[in-house]
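We just call them A, B, C and D in the order they show up, numbering each chain from 1.
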Amino acid sequence: MVEAKNLCMKYGKGKQMALDDVNFFIDRGEFVFFVGSSGAGKSTLLKLIIRELKPSKGALKVFNRDVSRLPRHRLPYLRRNIGMVFQDFRLMEERTVYDNVAFAMIVIGSSRREIRRRVPHVLNLVGLQDKAKAKITDLSGGEQQRAGLARAIANRPAMIIADEPTGNLDPGTALDIMNLLRSINLRGTTVLVATHNREIVDHFKKRVLYLENGKLVGDEQKGIYTNVH
Amino acid sequence: MVEAKNLCMKYGKGKQMALDDVNFFIDRGEFVFFVGSSGAGKSTLLKLIIRELKPSKGALKVFNRDVSRLPRHRLPYLRRNIGMVFQDFRLMEERTVYDNVAFAMIVIGSSRREIRRRVPHVLNLVGLQDKAKAKITDLSGGEQQRAGLARAIANRPAMIIADEPTGNLDPGTALDIMNLLRSINLRGTTVLVATHNREIVDHFKKRVLYLENGKLVGDEQKGIYTNVH
Amino acid sequence: MFISGFIYILGETFKGLYRNRWMCITSTGVVMVTLLMLGLFMVVNLNVRHITETVKEQVEMVVYIEEDADRATLEELGSLIANHREVARVEYVSSEEHMGRLRQQLGGVLEGYDTDLDNPLLASFEVSTEYPEAVVRLADEFETYPGVSAVFYGQGYVENLFEVTRVVQIVGLALMAGLATTAVFLISHTIKLTVMMRKKEITIMKYVGATNWFIRWPFLMEGLLMGFVGAVLPLAIVHYLYRISVEWVAVNELMFINLLPLETVMAELSLYLIPLGIGLGILGSMFSMGRFLRV
Amino acid sequence: MFISGFIYILGETFKGLYRNRWMCITSTGVVMVTLLMLGLFMVVNLNVRHITETVKEQVEMVVYIEEDADRATLEELGSLIANHREVARVEYVSSEEHMGRLRQQLGGVLEGYDTDLDNPLLASFEVSTEYPEAVVRLADEFETYPGVSAVFYGQGYVENLFEVTRVVQIVGLALMAGLATTAVFLISHTIKLTVMMRKKEITIMKYVGATNWFIRWPFLMEGLLMGFVGAVLPLAIVHYLYRISVEWVAVNELMFINLLPLETVMAELSLYLIPLGIGLGILGSMFSMGRFLRV
């Protein structure tokens, strides 16, 4: 599903590598945590997967295609197969929660009936059923984060990528959300989560990739957060 | 320092109360955690204190002044005595980390020498000494959060308010940051922190105010996070 | 895809206009004001052209015939002039008619002076040319014809008139070109800023997997509507103002100000302003999106 | 506060201009283009006014004196006219002089006609008035004076001339007012959009405890610079173009196009454009910030 070979990323003309010779292979249907301290390169890695960024060196295959070679007009189709929760949410702020989720479905050409059925369902899954008509700017931090998750899962993508999806959630809600991702994963969806939430990582006992200063310093099945620290 | 009397907050014409008859008193030099699930009203309460919002009912005294009666031209002086870390960071994105922190000091009229001395110092405290010249948009999520904290403490304010200051930080960095806030608190600064970080709350054993659906449902000295859940 | 996509685009167009109504209104305002300016100026310019052309058309030339020219020469000269390619009209004026006109002009001054006996005035052909500018050239040509004593067309004065009208028309055209360029610049700049405001929205759409055209369509429609409204309203205003002007000129019997008819002016204006407004609206929103679509 | 604050403001002004250089450049462009338009139009308008005034100043009136008026009446009439408040110049033209002029005009026609014996022409005063428009009224007044036979000033033609010049000047003023309003709207709209782009920055400053004036100053300075540059450059361009025009008119000896001197025009223009540019720059950025400062 996702395969990195000698993947390197350097921003601009700075000398520091955000990602330094990273190699890994993630299979279809896996559930993987990316952990590492602040600035380790987790978001950079996830942004490379959806081709928000282009790697400076090395190869990155997503769905068996080298994303750095993907022509620009194919990008939308790559992204439609990936549901992404961004660390900074990236919701259309002047629109309602409903509109934000519906937009992702309109983009892939869902029918109006399908949208009217599916959007309330996913909002219910993340606990935002009462906030459907609220503008994004009128939501609390955690509510925005969950709206982002609702958008990511709306299209039943082949892969879900979540960057710090519980940073603004209380432990209870966070666990609910992660359980939701696990149940989606159990139905065959690949799930990649970058997180700092030790409780969550330790509780789920899934594969963990450890990043440190842009280097991949560990890759464990049933890993726990505290391994590195 | 901060005193709420029958404090109510309702957004727009919605029927739901974001804060519902909240009463508490926080003394000078206290260290207080605000906890509660997503959407409980924590950010709303903190925003009321810096008068980003006006309460719909009740009184809120900050520094012994009723903030809802504060004339607009006095607002800057209220805010200069409060260092605030926002949940959505609110950094000037096109500027460097250094400029963002320096701006807060220029505003209160610090001398250029003072600024040149102090800014590197606080950046060092939050671990951003290497990122001083980086634009905010070029920072990772956790780095932005720490930049916000650096700005908040730069002026040695009488009170520091931090809304979810560790949501994007790994447990190690989060603990460092909270230790920093505690040491500042030990020197007499009042510190209010809204957080979901159970580890942190449990570890610090400070006063905890529990919010639930806009209501204050608990207020414990040496509280722990799990009290409510 | 098609149905929900199409409904989406229509819906988004109007939602977008509503959500950003303040911005859209002022931007449409800029389009309107600029095109109104351009329109008013075009009206003035069209009429100035028209008036100068009218003035020039009044230029005539008088071919004086030699006193001793015989009948054959006269007739040959007459047909030579009348059949000339560039001559529109010819009229023969005898020396008696000339004297009659002079008497009329001078009133009582020539009383008691028997002009029938000794008329010093020459007979002439009064010639109108197809194009006013041809007068100067034709005068030179006719002067060489047999039987011609002299040709007058207001030498000096007419050349000056031609020069003035030429200058007036060139200045008018230059100002018009400048104004049109300005309009294009102002409108596209405004739409660019309007789109830039929504830059974040556009990039987010891209990250969710929207194709460029899917994002563009609502913006194009918005641009089209803004451009259309921004062009039609000035037309209406110009129509109103011009009708009033024409009526005012008629009422005040300023016959010497010969305004073009309302329909001609409006037809000409619509021909330029509506495509300009719509084209700029569409192109403006399309090009200014470019940068944000490359993510 | 003062020193670091002042240095901060200066620094911020230039940093802000640099950081938002693309936006500032195009916005300054809008100011420039709009003021250039206004400037060019003002030049044209000033000259049209000047030319029409020149034309009007050539209007004179001729007061014909009754044939049987005696010397006393004549002298009294002369001093009455000469001392009239609105009369600028008077010249007495005897009937002999009139006949001399007529002979010159008609050439050989009056040969053999002994005008010294029986001169039908009247003596007259040729009067220039202080204001051309006074001619009509003065003519009516002078006609009632003793010894006056008739007053001519090109009745009909002169009224038309006045009407035309009035219309031309009113249309010019109206277009100018419209253009100025447009300029104000366009520039303030552009600056508003420019400031709106930085709305987030402004509100953040407020949350850190900056006073409104502290935030405003760099924006005001930016607006001032944008307005100043946007006004001075058009002035330079107009100066260049106008100098060329004046030279061209001189070379082509279009003496009848009587252009105003370069200095007069530039002085007039600077008087309006520079304050307009700077004022709009400052006011534009100040007012458009208002909404964001209320947090």
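Following the convention adopted for this analysis, contacts are C-beta pairs under 8 Å (C-beta built on N, C-alpha and C of every residue); 3 or more make two chains touch, one makes a residue touch a chain.
On a predicted model such as this, the values are computed, not experimentally measured, just so you know.
In this assembly, which chains make contact with chain B and also with chain D?
Chains touching both chain B and chain D: none.
What is the chain whose Cα centre is as far as it gets from that of chain A?
Most distant chain from chain A: D.
Based only on mean CA positions, could you tell me how far chain B sits from chain C in angstrom?
Centres of chain B and chain C (C-alpha means) sit 67 Å apart.
Give, as an integer number of Å, the spacing between the C-alpha centres of chain C and chain A.
Chain A and chain C have C-alpha centres separated by 62 Å.
Whole-Å distance, chain C centre to chain D centre, using C-alpha means?
Going by mean C-alpha positions, chain C sits 24 Å from chain D.
Answer with line, ring, star, complete or other to describe the graph linking chains that touch.
If you draw each chain as a dot and join those that touch, you get a single closed ring.
Can you give me every chain pair that touches, using the contact definition above?
Applying the touch rule to all chain pairs gives A-B, A-C, B-D, C-D.
Chain B touches which residues of chain D in the complex?
1, 3-5, 7-8, 19, 200-201, 203-212, 214, 294-295
Applying the document's contact rule, which stretches of chain B touch chain D when the two form their complex?
Touch list, chain B to chain D: 50, 52, 72-73, 75-80, 84, 86, 90-95, 103-104, 106-112, 115, 151.
Which chain C residues qualify as touching chain D in the complex?
Touching chain D: residues 23, 26-27, 29-30, 33-34, 36-37, 40-41, 44, 102, 108-109, 111-113, 118, 120-121, 160, 163-164, 167, 171, 175, 178-179, 182, 185-186, 189-190, 192-194, 196-197, 252, 254, 256-257 of chain C.
Which residues of chain A touch chain B in the complex?
The contact residues of chain A facing chain B are 11-12, 35-39, 43-44, 87-88, 138-143, 145-146, 163-164, 167-174, 196, 198-199, 225, 229.
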